[in-house]
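In the two complexes that follow, chain A is the common piece, with chain B as its partner first and chain C second.
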Partner chain A sequence: MGRYLSTLRIFWIASLTAELEYKANFVIELVATAGNLVGSIFVLSLFYGRGQSLGGWSWEGALVVLGVYTLLEGVTSTLLQPNLSTIVAHVRTGSLDFVLLKPIDSQFWLSARTFSPWGLPGIALGAGLIGYAAWKAGATPSPLTLLAAALMLVASLLILYSLWFVLAASSIWFVKIWNATEVLRSVLVAGRFPVSAFPAGLRAFFTFVVPVAFLTTVPAEAILGRASGPWLLAGGVVAAGSLALSRWFWQFALRFYTSASS
Partner chain B sequence: MRPPLAQRLAHARRLAAVLLSSQYAYMLEYRAEIVLWALSGVLPFIMLGLWSAVDAGGGLGMSSLQLARYFLAAFVVRQFTIVWVMYTFEEDNLTGRLSPYLLQPLPLVWRYVAAHLSEQATRLPFVALLVGLFFLLYPAAFWWPSLSSLLLAMLATLAAFALRFLMQFTLTMVCFWSEKASALERLLYLPYLYLSGLVAPLALYPEAVRNFAFWTPFPYMVDVPARILAGEPVAVGQSFAAMAAWAALLLPINLLLWRRGLRHYSAMGA
Partner chain C sequence: MGFASKPVRMAIVRAQGLGKTYRVADKQPGLAGTLRHFVNRRERLIAAVQDVSFSIEPGEFVGFLGANGAGKTTTLKMLTGLIHPTSGTVEVAGCQPQRREADFLGQITLVMGQKQQLIWDLPPLDSLRVNAAVYGIPPEESRRRIAELAEMLELGDELRRPVRKLSLGQRMKAELLAALLHRPAVLFLDEPTLGLDVNAQARVRSFLADYNRRFGATVLLTSHYMADITALCPRVLLIHEGRLFYDGGLETLTQRLAPCREVRLELREPLGAEAFARYGEVEAIEGREVRLLIPRERLTEQVGRLLADLAVVDLSVSDPPIEDIIGRLFHEGAVA
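Coming up: the complex of A and B.
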């Protein structure tokens, strides 16, 4: 475990040094993230401005959902996207051979090798929005609420990671799968809104097929102190299940990896 | 000593035919990838789900059928106005592929235009399939636009594509000076996303925001063609005039930056 942590530190310092070569990007990312947040709040206000609500959620509650979404987007561009997007190239060029030969778990190496600071504004803005909106909504930060919220956020991050990893790992078979993560991204946009705001069919889709509900709505419920036992349990089970699935899927996919040379 | 017009036209036609057919063959190779790109345009359907659930209470000023048709039309318009020239150009520039292209006796921009048009042709069957699926799931929303509005919508979509291409290609010129210029496209995408009508018909925006939006080029890229296609009332002449005005503003900037950029260009690599 200690070895993994110290490796992680070396990885991230190295990639941070490389990324900081492009400082202007930080300003662009900050403006883009903030602009995106303003746009999303504007879209929410289109619904609430005419006295309607989204699936019975208050304005502040919907903002918490949006905050969780912004946070997840930040994590995606800090860790998921920069790391998992390279699996395709490793498979195509055959450099996956070298990854597999390293004396470290290959899934860990592929998932944590680089760290891109450009998602940090998203994480900060998301956390800020969650805090502000939860306070406005009158949520009380009791130890139990904090614990449930932390657990559900971790569960949501694990689910998001597993979705990305399984799609990215499919590139062992289909080298051109990378676009599939764009499809995933575009479907996850639904997570900007409470899942109960969708019609029944879509709600079922976003709960059971692509678990968007567990990514943003369930953590937001927990943050607002409204989490119910069954949902917490379901969140934990889905997270553990999808992590185990990603682990199994990687082992399974590797059996079909035949390197790139002819 | 320029050859006569007829000869030049014939030459241009031959060039266009070769470019389009070779690019189309190339895009067909990547059809699986293009299907995935097409699928990633599901945003209008997600927003339709939200708006139709809200509309259950009524009072939007748009019936649920109008909403469904608008968002379907917005999906179709978006599919045929997607522009990615910045990313291709950036890659061509960074990998040094730009140099041989520049040596060819053909303005480079036509290669990219042909690639976009061919990609749209590759999308066409898949988009038709999705539209069919939509009507199968939601038969009440079925409509067939009149021939005149269909032609007008195609013209407006083509104009929207041209305007968006011109806009992105103008920004693309930054690639001559910077290695990570495509980050700028993220900034340009923001007003496009929120003002074009992809997330909601502009009719549902507060009046002040809507009036402001129509002073920008963005509503003409989705909202206007989509409303023509869905059979909603549109100020057609005014919209085409606005698109022409924006194009007239952008084109000289684009040409100026292109010339400046070429002078600054010093092939990457080697």
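Coming up: the complex of A and C.
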């Protein structure tokens, strides 16, 4: 365990050193993320314009969902996108060989190798929006609520990571998998709104097929202190299940990997 | 000629009846072929490696020869655990490679001339730091090893420059450093001198010999350059069409494989093939340029006569490329 932590530290220091060559990126990223967020809030406000509501959610509640979504986007740009998009390149060039020859878990290496600071503005803005909207909604932060909220956020991250990793890992069979991860990303955009805002059919799809509901709606419920026990449990089960699936799938995919011929 | 498979007790690498069969799509070229393949999928089995047995003792430096597609890389990948054998068994450093246990991975390394593990945009030192962490080498120890290997490789400031700014030779040396930081007991080297100029090749070669002596490491080396093999490997394995054809001393093999050396001549005036028949076997004539094959034992004498008899502008002697030698060998059926 200690070796994994120290490896992670070295990984992230190395990638930060490389990224910080481009300091202007940080400002650009901050402006872009803030612009995106303002746009999303504006779209959301259109639904609430004439005293209507979205799927029974209050304006502040919907803002919490948007905050969770922004936070997830930030984590995506910081960890998921930079790491998982390189799996395809590793498979194509055959440099996956080097990863597999290291005495360290290959899934860990592939998932945590790079840390890109450009998603940090998104994480900060998302957290800020969550805090502000939850306070406006009158949520009372009891230790139990905070714990539930933290657990559901972690669960949501694990689910998103596992989905993405499985998709990226299938590049072992279909080397050109880039488009598929883009499709995933656009489906996830649905997470900007509470899942109850969608028609019944889509709601089922976003809960059982692509678990978008667990990505933003369930954590938001937990933050607002109104998540029911069964939903919390379901969130935990789905997260643990997705993670286990991603690990199993990786081992399975590796059995087919014969590496690009040299 | 010594065939493999006599069991050696101390073996650090042991392959027994090793085989690998690939399933490949049998597809005609062009769009029509692709469509036909899409509807009616046909597959062929290709035996890349068949029934290969050998064993290597600790500290040995063994050359692994074979034409392109003979099965060298496939064998190396089975020895390192990157692909699973279809048949037979492998044992390296007392482990089964395909299980890829940390204990096994910490004892081996693989260097591939065509692939790199160094991070392109960062100096090699950053990649080395990553490797040290992954292999659990304490910082103090890793600094000491980097200094030692850098000295052996004649690397200095290059370790602080981004990899993309290094020459091919410097990059290969840095790759070697990265691959050897954890001080592996068994080195698998796949074309480590590929594309390097003659000087860089010689430097890599002398480093490998030095490393083998200093740390008693076992090395299995594949190379396109005969010079690499002759300089480093007292023993060679020769693989042809997936089967092991020769396992034994290099001396015996060179005499058998390359009894001739190639002499390239540039003449002042073009001459017909009959003019060269008495010096050696004519390989090719292109205008004023001629390539001859002359038996090793008569080389000095014949070159002297060539220079004396003909108007020679330029003359060079080399080993024919290994591909040619091996091609000739099997064409003439000298081994089979």
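Here is the rule we go by: the second predicted complex is superposed on the first by the 261 of 262 C-alpha atoms of A that agree within 3 Å, B and C clash if a C-alpha of one lies under 4 Å from a C-alpha of the other, contacts with A are read in each partner's own complex, and residues count from 1 in each chain.
Methods note: a contact is a pair of C-beta atoms (placed from the backbone, for glycine too) under 8 Å apart; a residue touches a chain by one contact, two chains touch by 3 or more.
In this text, all values refer to a predicted model and were calculated from it rather than measured experimentally.
After superposition on chain A, the partners chain B and chain C are seen to fit next to each other with no clash.
In the superposition on chain A, no contact is made by A:Lys23 with either chain B or chain C. In the superposition on chain A, A:Leu100 makes contact with chain C only, while chain B stays out of contact range.
Which of chain B and chain C touches more residues of chain A: that partner is B.
Of the two partner chains, chain B is the only one that A:Asn36 touches; chain C does not reach it.
Of the two partner chains placed by superposition, only chain C is touched by A:Phe11; chain B is not. In the superposition on chain A, A:Glu182 makes contact with chain B only, while chain C stays out of contact range. Put simply, chain B and chain C get as close as 9 Å, counting only Cα atoms, in the superposed view. Residues 22, 73, 77, 80-84, 100, 102-103, 105-106, 108-110, 112, 114-117, 119, 121-122, 126-127, 129-136, 190 of chain C are the ones touching chain A in the complex.
Looking at the complex, you find that chain A touches chain C at residues 3, 6-7, 9-11, 14, 17-18, 93-95, 97-98, 100-104, 109, 255, 257-259, 261-262.
Contact residues of chain B toward chain A in the complex are 30, 32-33, 36-37, 39-43, 46, 49-50, 52-54, 57, 59-60, 180, 183-184, 186-187, 190, 193-194, 199-200, 204-206, 209.
Contact residues of chain A toward chain B in the complex are 22, 24-25, 28-29, 31-32, 35-36, 39, 42-43, 46-47, 49-50, 52, 54-55, 174, 176, 179-180, 182-183, 185-187, 189-190, 193, 197-199, 202.
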